[in-house]
Amino acid sequence: NEFCNSPEKTGKIIFGFNVPQTGSYAEEGLEQLKAYELAVKHINEGGGMLETLKPLSLKGNGVLGKKVEFVSGDTQTNTDAARDGARRMIERDGAVMVTGSVTSGEAIAVQSLCQEKGVIYMAGLTHSNDTTGKDKRRYGFRHFFNAYQSGVAIAPHLANAYGKDRRAYHLTADYTWGWTQEESIKAATEALGWETVATVRTPLGLGDYSQYLTPVLNSGADVLILNHYGHDMVNSLPQAVQFGLRDRQANGKDFQIVVPMFSELMAVGAGEAVKGIIGTSNWHWALEDAGTQAFTKAYGEAYGVPPSQAAHTGYVQAILYADAVERAGTFYPPEVIKALEGHEFDGVGIGPTLYRDSDHQCFKDVLVVQGNDNPTSKFDVLNVIGKATRDEVTYDPSIFGGELGPYEPNQC
Amino acid sequence: MSSDVFFELRDVHAYYGESYIVQGVSMKVNKGEVLALLGRNGAGKTSTLRTIARADNPGMTRGEIWLEGQPVHAMKSWQASQAGIQLVPEDRRIIPGMTVEENLILSQVAPNKGWSLEQIYSHFPRLAERRQQEGVTLSGGEQQMLAVARALAREVKLLLLDEPYEGLAPVIVEEIEHIVQDIKKSGITTIIVEQNAVAALKMADRAVILDTGELAFEGSAAELLADAELRNRYLAI
Amino acid sequence: MFYLSRTDRLKLLAFAAVVLLMPIWLTPLGAAYPGLMQKFAIYAIFAIGFNILFGLTGYLSFGHAAFLGVGSYTAVWSFKLLTMDILPAMIFAVILSGLFALVIGFFSLRRTGIYFSILTLAFAQMSYSLAYSVLTPITNGETGLLLTRNDPRIIDSAFGAAHVGAEGLPSPTLLGVPMSGYTGFYLCAVLLILAFFIAQKIFASPFGLALRGIKSNQTRMIYTGFNTKPYTLAAFVISGMFAGLAGGLLAVTDPIAGAERMRWTESGNIVLMTILGGVGTLIGPVIGAWVIEYFENIFSAINKNILNQTFDFLPDGLQNVIVTVASKFVGEGWHLTLGLLFVFIVVFLPGGLVEGWQKLMARFGRKGGDKK
Amino acid sequence: MNAFLAQLLNGLDKGGAYALIALGLTLVFGTLGVVNFAHGALFMLGCFCAVAFRALITIETVTTDPTKLSPWGQPLEIRTPIVQDWLGSWGTVIVDYSVPLSILMTIPVMLAIGIGMERGLIRHFYKRTHAEQILVTFGLAIVIGEIVKAGFGPNPWPQPIPNALRSAADIGRWIGMEPGALTYPWWRMIYLFFALAVIAGVFAFLRFTTFGMVVRAGMADRETVGFLGIDIDKRFTVVFGLAAVVAGVAGAMYTPLLPPNYQIGMDFLVLSFVVVVVGGMGSLPGAVLAGFLLGILQSFASMTEVKSLIPGIDQVIIYLVAVVILLVRPRGLMGRRGVMES
Amino acid sequence: MSTTPNIVLHAADVFKNFGGLRALSDIDLQIEEGKTHAIIGPNGAGKSTLLNVIIGRIPPTSGAVIFDGTVLTGKAPHEINQLGISRVFQTPEIFADLSVLHNVMAPAFARRDGAFKLSMFRTTSREDEIRAEAEHLLQDFGMWERRHDHAGALSRGDKRRLELCMCLIQHPRLLLLDEPTAGMSRHDTNTTIDLLKKIKSRGMTKVIIEHDMHVVFSLADKISVLAQGRIIAQGLPEDIRVNPDVKKAYLGGHSE
C-alpha cells in the first residue's frame, strides 16, 4: 500500500501545523499552534484529553508506538500562502497529516490540495457551510461547527430573548462565508416569524462601517445582525454601538444587535461593545465536562491563559487523527479515513460527537453564548447561556451538495 | 600663510561619484580682486566653483579651503553661504513656483543680510517692475539679474559667478557687465567663470586657466592677454 | 532573431545552468522541493516581465498582480471548460492577460509618474474587490476557483480521455504527461529560461533602447520622432503577458485561482522583488524574487523545535539564549527579518542586490588598484 | 431625505478622517518628495500611543489569592489599580478620558519618533530613487509593525470613548426634526472637528510663516536653497516630525472607532496614497479636498438605492473616482506641475 | 541655384498669447531651402516660442505653419519630426541615463523605422550602418573617446554638441538650432561653426537662434530680428548689422 509520506518509508511521523502567524488572524493562529504543540506532547507522553476521550486507543506513547514530530508554517491568512505551506510540509518535510486554519478560504484551499496529494487534512477553525458541503473532500475532516448549525442553534434563543415579532437588518461580509451565514441565519430567523428588512453586503476588511450603519437607523428594523467575522466584527460591532443602536427604540422595542458567530478573541478585540451580545460558539473553556477541564488545565498550565475555541478545535483534531490511526493500525489514508468516518466519541468537550461519514462534518451540541456584562477577568468575556442539541443541529447532507471523491490516494 | 591672503584653495580634490574631476587645485585670491577662471568645456570650472560653495556634488575628498581664516572645507553649503560665499550658479537656478520677490525674500531668510530689497530694486529697476511675476517665466537676461540680485541680498565676501553672460543678448551683456563693475567697485572679491574670455579678462585683475581639473596657468590678466601661445592653446582666441 | 552577443550568450548559459540545477544547489538551503522551486521559477518570470516595464521605461505599475490573477483564472477556466492539457490554458492565459493589460495600459499610460502608479493600483484593486465579491460566479470568491470532477472539459470528453483522473480530480497534463512535482518544475524552469532569453533580446534591441529613451527623457523622444505611446503600451502589454504566463503557470502547477492573488499586497510584492534585486538589471529581479520567496516559505517555517535541533551542539544555557533570540527572527518573526533585510540592502547596497554588489566590487577594485 | 442627510453627514465625517490621515502623508510625500510607505506605521504608532497611555494609567499591582484557583490550577490574581488609587476620583476621570488625554503623550512621542526616523534613515534617501525609498520605508514599516506586535500582540486593543460622549447626538432635533430621526455618534463629530482643527493649524503654520515658503523652495530645489544659506535639512526634519505628529494624533483619536492592532497602518496606507494623489501631488488643499470628496462619495455609493442600481459600486467607488479624476485632470484635483511626474 | 527660391517653411500670420502676454504677434516668416536663417532678438523676444510653435510643442493662438506644402499646425510633435524637422533645444535635451553612443543611435532608429516599430528581436549592437554613422559623427565632434560614458555626466558644452549630433544623424531637411553654441568654449564654437558650414554645403536648411554675433555673422544667409514678439527687421546680414533699430534694441555697442 503505497501512499504519500508513509512513515514506514520516511521513518518519522510528521504532523504539519499550518496556521496564520502573521496578518490579521495571527492571534488565533498562534493559539492554535500552541494547542497543536500541546496535542503532540499529549500524544507522545499522555495527559490532557487522552484521559477523557472515549473510546480511546492511544496509549500515550506516540502513534503506533512511535513518537510524533511536527513542522509548522505561516499561512498569512492567504489561500496561496496556505497552499504553499501545505505543499512544503508534504513535499519537503514528509508530513503524513496536515491540519490548521482560521478562515474557510484557507481550509478549503488546503483541503483540496490534500485530496490531490493523498494526505489527510484535519481542518482547524472554519465555519463556512462549504467546507463540508459544496467543497467537501474525502481527505478533509472538520470538527468545527458551521454557519447552518449556528443559525439553527441561535434561533430559539433569539426568540426567547427578543420575541418572535422582530424586523432584522443584515450586514454581511461580502464573500462566501458571509453569504452562507446570512442565508442560514435568515432561514432560521424567518422560521421564527422574524421579518428580514434588508440584507446589505459590506466589503471585506473595510474598517469603517459608518456608511452602512447610518441607513440602519431609519430602516424600520429593530435587530441588526452582523454576519461579520474576525476583524470585520471587531470593527463593526463597536461602531454599531456607538451609533446608538443599543440605546434606541424601534417599533416600540429595544433595538438589539446579534453576532451569530464569535469567539473569545474577537470578543476581547471588540471590548465593551460585546456585553450582552448573543452569538454561537463551538466550545468554551468554562464548560464543566471532564474533557474541557482536562484541556483547559493543561493549556493553562503550559501558557498561563485559557484556550480559545480555535485552540480547542485544533487540539481535538490532532488527537482524533492520531487516535484514528491507532484504531486503524496503519497510516494508510483510506483505512484512517474509514476509522474516522462514522466514528462516535465523547470526552473532548461539549458532549457525544459523531464524525458523519457522508460529509465529514462533526455533529455535537452547539453553544449559545453571550457577552459577559461583568467580567471578573480579561478571559471571562463570554457566558454560555444555552445549547442546541446535536439532534437539533443535524441536517441532511444533500442540502449543500458536493462530492467527497475517492478513497484511493494519489501519489505525491 | 601670509596674513593678507583673503581666500585660498589648497590642493583640492573632488569626485562625482567615481569620476575624478577636480584634481588638486590650489590658488589664492586677494581681497577686492576679480579672478577670471578660464578653461575649455569640461575643464572643471563649474566643479571648482561648486566645491568652493560646498555643494554636495562633487564630493571633496582632500584639500583645504580658507576664507579669512575660516575653514570653509569643513562647512556645508548653507554654512559657507552664511560665511559670505555666494554662488550665482550656471543655469541661474531660479526657484520655480515662486515670484521674483519671494525668490529675494528667500535669500534673506538665513542670517547675514546684504542689500535690502529697496537697494536691490533701485539697482535693478526691471526686477522691481516684475516683482510679482513668477521667476522662471522671466526672460534669460532678467533671470540672470535675479540670480545676481539674490546673491547680493546676502552678505557677500566672495562672489562666485558661473558664466553670467551665457545666453544673453549683447545689450544685456553690457548691462550685466556694468553691474559686475559696480560690484567690483564696492570691494567685493569675485571669481568669474566665463567662456567669453575677452569679456572676462577685461574686468579681471588676475586669471587662472584650468585644464582637465588641474591648474595650467596662473597670472595677471594682462599677461594672459599678451601671451598668444597660451591664448591659442587654452582659449582659442 | 536568435542572435545574442557573446556576453549575453554566456549569461544565458550560466542562467540556464543555475535554474536547471536548482534541485541540487537548493538542497542544502532546504528549498529543493517541487512546490517551492516552481514558485521560484514562476515569480522570476513575473519579475522579469515586470522589469521590462519598470526597469526599461521607468513606469512603476502598482497593479501588476491583476494580470497574474487574470492568467490564473483563465488557466483554471480552460481546465474546467476545455481540457486538462496545459497548452490551451497557457495560451489563453497569456492572451487574455495581454488584452486586459491593453485596456488598463491604454488608460493608465495617459499619465506619468505617481499618477500612473495610482491609476494601475486603482484598476487592480477594483479587479480584486470585484473578484472577491460581485464576480464570484466567475471567480468563486474567497474560496478560489477549484476544479471539480463534473466540469464539462469538452475537448477531453470529446476525445474520451477517461484515463486522466478517472478517480478523483484530474490533474494538468502536457500532451498526456502530468505536470505536477518535478515535471512541473522543469516546465516552469524551461519557460523561465525562455523568458530570460526574451528579456535579453528586448534589452539589447532598438525597441529596448527606445524604452530606455522614454525613461530617460520623454521630451527628447517625442521631438526625435518617436511616438512614445505605442512603445510604452507595448512594454506594458508584454509585461502583462509575462504576468499572465506566470499566473497561468501557478494554476498549472497547482490548479486553483484565488482573488488574493490580485490584491495590492501582491502587486507590492513584485515591486519589492524587482527593487530588491535591482531595477533595470536583467538578473536582479530574478534574484529578488528568489530571496523574498525563500523568506516567505522557508524562514516562516522555522520553529523553536528546529532551532533547538540546530543549536543542539551548544551548551544548554547558551543554546537557550541563542534559540530565544533567533526565534524572534524566524517563524512568526520572519516578517521582521524581511523588513530588516530591505532596510539593510538599500542602505548598504544602493541600487539593489545586483547593482549594489557591482558597485561594492568596483569600489574594492578601485581601493585595491591605484587612483588614476 | 433623512437617509440622504445622514449619509451626507457621514460622508463629511469620513472625509475629515481621510483628509487628516492623508495630511501627514502629503507633508512627507507631496512636500518632501519621499514615497513614504512607513506612513501607515506612523498612524499605527499613534494608535498605540493611546493604547500605551491607557495601559500606563491603568497599571495594576498583582497579588494572588491562594484560596481561589483558576481552572488550570493557578492561584487567582487580584489586581488593584495604582494610579487611580493615588489620584482618587481624578484617577477615574483620567481613565475615562484616556483617549483624548493620550494626545498629550502622543505629540512628544511621535515628534521624537519622527525626528529620529528622519535623522537616522529618511534623510539619506531624499536624493535616492523612488524605488529605493519604497523599499526602505516599506522595510521600516514592517520592522515597526513587528516591534509593536512583539510588545502588544497581534489582537486588537479596543479603546473606550469617554462615558459622556459614548452615545449618539440627536442632530435631527437641533434642526427641528422629530427625535431620533437624524442621529450621529458624538465621537465621530468630535473627530471631524478635531481633524478640521489640525488641518487648519498645519495650514496656518505653512502658509503664514516663512517656514512654509522655505520648505516649498527646498522641495523645488534643495541645492539652491542651500546656496542661500538655509539649512534645509533641519527644516525637513521639522516637517517630517510634524508629519509624524499629525499621523500620530490622527491615529490616537481614531482608536475608539477602530480597535488598533499592529496591522492597522497597512490598511490605511493605500487609502492615504490614493487621497494624496487624487488631490494632486504637492498640494495640501488638494489632499484635504480629495479626502472629503472620496469620503462623501463613498458614503453615497453605499446606499442601498445606489448599490441596487450598480452592483458592487461601494466596493470600488474610491478607486473608480480616483481613476476618473486622474484621467480627467492630469495632476489630480490641485496638483503642482512637475512633482513626481517622472 | 534657381532664381525663384524654394520656400521650405512658411510661418503665416502666427500669433501666440500666454494668458495676457502676447509672445508672438503677426509673425510671417519664410525660410528658403538650403539657406541658413538666423533669428536674433533680445531676451524674451519670443524666439524660442516661435521654434516651439514650429515643432508642435505649443499650438499657436492663430495662424499656421506650413512645411513643404504640409500644414504642421495640429500635428503631433513626433509626426512633425518624421516630416524632417529636428531641433536643438536651448537647455540640452539628451538621454542622461544612456551612453553617448546610444544617444546618437536612438534618433537614427526613429529616422529609419518611423514613429513606432516593435523591433524587439533585432539587436542594437548589430545595426552596423547606424552604429558606424553615429561613431563617425561623434568623431567629427571630438566626442568619440567618450562614446561609452553616460551622457548625463558630460559638461554642458559637451551636452550641446551631443544634442547637435542627435539631430544631425536624422538628416533633417530643416534643422532648428536654439543657441547651439551657448556655453561652448571659443574653440568648440569654432569647430561647431565649421561643422555647420559643412552641412550647409550638403544642402540642409537651418534656422538658428544665437546671441553670439560671431556665430550669426559667420553662418547666416539671412537674418530676422524679433523684438517683443514682432519681426522688426529682416534682411541680409550686412544690412542688419547697421540697422539703427536693431542696434538700439539688441546689439548695443557690441556690433563688432
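Letters A, B, C, D and E mark the chains as written, and numbering starts fresh at 1 in each.
Here, a residue touches a chain if its C-beta (ideal position, glycine included) is under 8 Å from a C-beta of that chain, and two chains touch if they have at least 3 such contacts.
Quick caveat, the model's predicted, so the values are computed rather than measured.
Among the remaining chains, those touching chain B as well as chain C are D, E.
Path length between chain C and chain E in the touching-chain graph (shortest route): 1.
Each chain gets a centre from the mean of its Cα atoms; the one farthest from the centre of chain E is A.
Of all chains, B has its CA centroid at the greatest distance from the CA centroid of chain C.
Averaging Cα coordinates per chain places chain B and chain D 47 Å apart.
A separation of 76 Å divides the Cα centre of chain A from that of chain B. Averaged Cα coordinates give chain A a centre that lies 34 Å from the centre of chain C.
Multi-chain contact residues of chain C (touching two or more other chains) are listed as 129, 132-133, 335. Considering their complex, residues 22-24, 26-27, 30, 174, 198, 200-203, 205, 207-208, 210-212, 214-215, 217-218, 231, 234-235, 238-239, 242-244, 247-249, 265, 268-273, 285-286, 293, 296-301, 304, 306, 377 of chain A touch chain D.
Those residues of chain E lying in contact with chain C across their complex are 55, 57, 76-78, 81-82, 86-87, 89, 93-98, 102, 105-107, 109-111, 113-127, 166, 170. The touching residues of chain B, when paired with chain D in their complex, are 53, 55-56, 76-79, 81-82, 86-87, 89, 93, 95-98, 102, 105-107, 109-112, 150, 154. Within the complex formed with chain C, the chain A residues making contact are 21-22, 26, 30, 69-74, 78-81, 83-85, 87-88, 90-92, 103-105, 108-109, 112-113, 115-116, 128, 130, 135, 138, 174-177, 201, 203-204, 403, 405-406, 408, 410, 412. Interface residues of chain C, counted against chain E in their complex, comprise 1, 3-5, 198, 201-202, 204-210, 212-213, 215-217, 219-228, 230-231, 234, 238.
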